[in-house]
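We just call them A, B and C in the order they show up, numbering each chain from 1.
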Amino acid sequence: MNELALAVPWLGKRNPQAARWLVIALAIGAPLIAMAFGRTWVRVLDFALLYILLALGLNLVVGFAGLLDLGYIAFYAVGAYTFAFLSSPHFDVHLPIWVVLPLAAGFAATAGIMLGFPVLRLRGDYLAIVTLGFGEIVRIFMNNLNYPVNITNGPQGINALDPIILFGWDLSRNIQVTEEVSINSLFLYYYFFLACVAGSIMFIQRLQISRVGRAWAAMRDDELAAKAIGINTRNMKLLAFSLGATFGGLSGALFGSFQGFVSPESFSLMESIAVLTMVVFGGMGNVAGAIVGALILSALPEILRHLAVPVQQALFGHVLLDPEVLRMLLLSLAMILMMLLRPAGLIPANAKYSHIRHLKSKGVAQ
Amino acid sequence: MKKTVVALAIMGFGLSAAQAQEMVVKLGSVAPLTGTISHLGKDNENGAKLAVEDANAKGITIGGKKVKFELMGEDDQADPRTGTTVAQRLVDASVKGVIGHLNSGTTIPASRIYNQAGVPMISPSATNPTLTRQGYKGVFRTIANDVQQGGVLGKFIAGPLAAKTVAIIDDRTSYGQGLADETEKAVKAAGGKIVAREFTNDKATDFNAILTKIRGAKPDVIFFGGMDAQAGPMLRQLKQLGVDTKFVTGDGGCSPEMIKLAGEAIGENAYCSMAGLPLEKMPGGTEFRNRYKARFNMDVQIYSPYAYDAAMAMIKAMQAANSVEPAKYLPELKKSNFQGVTGTVAFDDIGDIKDGAVTMYQFKGGSWAAM
Amino acid sequence: MEIFLQQLVNGLVVGSVYALVALGYTMVYGILGLINFAHGDLVMVGALTALQTMMFLMGVAPGMSPVAMLTLSLLVAIPVCMLLGFTMERLAYRRLRNAPRLAPLITAIGVSFLLQTLAMIIWGRNYHTFPQLISTTPVQPIEGVFVTPIQITIVIASAIIMAALILLVTKTKLGRAMRATAENHRVAALMGVDTNMIIALTFVIGAALAAIAGVMYASNYGIAHYGMGFMPGLKAFTAAVLGGIGNLGGAMLGGVVLGLVESFGAGYIEQMTFGFLNSSYQDIFAFIILGLVLIFKPTGLLGERVSDRA
């Protein structure tokens, strides 16, 4: 749990205990604060939680194991489509969420292993480009598998996905507490997603200090040396791919149900890059970094829309740069500048198993 | 949460009571106001704005109170996820109805949010059939859908163009594939034969391989479901492959842009379709064009007349129901029947416009000419 | 038969464009072991700069001959791309040469998207018509097989450029320094090679090739826009890997083979799979080839084994 404290660096260093409670309080109180600015911001937070899940998963692969995966969004797609197949009128199957979520995560993990096996021998650049290809292949198949047999409904996507129902309790409906007071469904989703994120964080932190986590760190820092001390790098890589994919699949399933509609255009290469930027921006190899990166960058479009348009209108009288263009500009600059100036990210990882810190402390140049 | 809203509403009510019983009614307008098709998005918003201003100028009274309509414009960036976020914002602002969105891809996920909140929506431009077939009660559109457009295209290809064999290409987008499939059905129903069914994507520039294959199948007509950015280069490559077959596209290729991109390769063998009537053939088209130009100092793009009629349908329904509350005026909206700018506005039982018009155009003398 | 031959022509032309882009990729990768993701976007910058120049020339000298106009626009586009290539290397990649291996790659992705975004801001999102100064009126060398002069130009130009590059690398002093740097840049530096300069030069030469490829590509299809470089860039990279990365002849061979696979694949996949698959899968051939080559023959068709060198 110590890493959570890093999410508020200025306090985290002095008083991790207090910082941790602050993070938890913020997480619980966030939608109430957001509500003051309008329910839209609660929806933004809901999406942010889904991105946090994605970033956490990708961080396992990129940050912990050092395998650059540019097709990560494919697992998100697998999760979303699994949910769509098993919980929508498309095949008229409506399995309960407790069955669908594990299946979505499981299928995504399987896809992760399927990707992992062939690319075991590849490293660095080659791995990146093959995973990029994998992501595109998955998207193209989802876009075209409506023929000869209609499986994915092609570019039209699948509509009317079931909402999340917990023990007969439909999260997409507002709860009427009294005549006038009701709790909006966005809050219910928020807390459900938050629970998923919290569970994932706990799991990942245990994992990080476990044998597996240390093996990953060893493999990332020097694969040959890791092999020499008896780490089965093949299994470790496969585990990284499949565990990373699991989070992607989970997030995808939640996304499908929350949005109620999935179509291949949500799973483009740009999304993979966006999630990668979140991890890089926040700080590779640590949980707090992934969380902060995902939070900031997923709220960015909405913030830009609120700031960029009025500011530009005030300054130039018309909108010079669309918020979307501005977002792309900031994302690409973030990637470049972070790598050049602050390669450890906004929140550098704990020294213990982090690559960069570790090497720096040893004074090794490379 | 609701309590604050109620409290605010009471405060607001108190204020408005002081101002000579005037009631402010918010309507939402959503379209991509930034990005590639922002000119079309702005056009939609302007259409709705014009309707709202007309209504305000007329001075409408509903439920004994003078009503001032306010249009709240939002930008969905033609992106499904952004679409749901801004839909939520409109619902938060308690709009009484929504005109939008522009693309089918954003309209369908957003319609779910409006439906949950009980806010009626009318799209002036989303043509995907699925939109009105979700079983949502408050979803309408004022433009012909792809089934209607595909049907007209199919009949046109098999009829006036007298094609016996047809090759169909689509760009694997929701729009292109939907239209191509409907056209294929209609061609077959009219007795035409599909001799090739090929695919490309909305980022492709090289079509030589599929066009060569199509050339081998020797079709009478080639139909492409997709956008002008692909249709233009496609025409060029057809010419380079020595093919001068008749070439038909839907509204995605029915633009001045298409003519520009095809360059010298476009000729009188190129046809396209557009949902709706050409402006000069609409009952109130010419007048609308002039007023629009005077008000916004720009030309009507495509869909603003449909947005105008959509907003008018909503306002008229509120008048008929003598209430601005969605639950009250929705039944009246369903019964809409009036002469709008685009023609008679009346909806069928799922919310599609009745007898949605589709017009065919041919390339003649440097521009698209209505047939 | 004429359909088959026509597909052969289509494949050769697309393949030559891939080859032209692949040459740049393979040079940079050969020397630095870095996939310069932004190389494809240099192709785009080359095309759009040339377009801008042509628009300008048409404005000031409407009667100019097409050949002169094409030459002049190339003379602007090539230096612009060279400068951009140099800047990229100097500002971003050089500083990361000794960083953990993910850093330069992530930076390259960032540079690629930055270039696309800047191009979007400068030239807008729309597709632009690119003047086809070399004729596109088809001739029929064989009855039923259509070839245009611009297509012939592309095939010949890429062959000439490849030959020139091979000469440069094998016969000149600069080429020897490049090969030495590629082999081991620390040792090369000890032998008196200014490796920084050699690496910068490689980037600059690669960028010049990208500019030429961009103008060829845009002239062939008659359009240009901000995203036009990304996909061909990825495919060209595949071509470079297929041919054997770091090997100039291999890049050419890989490009042509990939072009043919795509062309014949899209043309015949339906018959071959009995209607199960169709031309909508055209874009995945490249990725499947890439995966297969890297897994089963990482040396590519002509190269040496490098897949786990990075």
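In the analysis below, contacts are C-beta pairs under 8 Å (C-beta built on N, C-alpha and C of every residue); 3 or more make two chains touch, one makes a residue touch a chain.
Keep in mind that this is a model prediction, so the values were computed, not measured.
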Per-chain CA centroid nearest to the all-protein CA mean: A
Pair with more cross-chain C-beta pairs in contact, given A-B and A-C: A-C
Length of the line joining the C-alpha centres of subunit B and subunit C, rounded to whole Å: 40
Separation of subunit A from subunit B, taking each centre as the mean of its C-alpha atoms, in whole Å: 35
Length of the line joining the C-alpha centres of subunit A and subunit C, rounded to whole Å: 33
Subunit C: positions in contact with at least two other chains: 278, 280, 283
For subunit A, residues contacting two or more additional chains: 143-144, 325
Multi-chain contact residues (two or more partners), subunit B: 35, 172, 199
Subunit A partner contacts - residues on subunit C that touch it in the complex: 29, 33-35, 92, 95-96, 98-107, 109-114, 116-118, 120-121, 234, 237, 241, 275-276, 278, 280-281, 283-284, 286-288, 290-291, 294-295, 298, 307-308, 310
Subunit A-touching residues of subunit B, taken from the complex the two chains share: 1-3, 6, 34-35, 38, 75, 77, 79-82, 84-86, 88-89, 91-93, 105, 108-109, 112, 116, 128, 130, 134, 172-174, 176-178, 199
Footprint of subunit B on subunit A - complex, ascending: 35, 38-40, 43-44, 47, 143-144, 154-157, 159-160, 172, 180-186, 259-261, 263, 265-266, 301-302, 305, 319, 322-325
Complex contacts: residues of subunit C adjacent to subunit B: 3, 6-7, 10-11, 13-14, 125-127, 129, 132, 136, 138, 140, 146, 148, 221-223, 225, 227-228, 231, 262-267, 278-280, 282-283
Touch list for subunit B against partner subunit C, complex: 35-36, 172, 197-201, 203-206, 208-210, 212-213, 215-216, 229, 232-233, 236-237, 239-242, 257, 260-261, 263
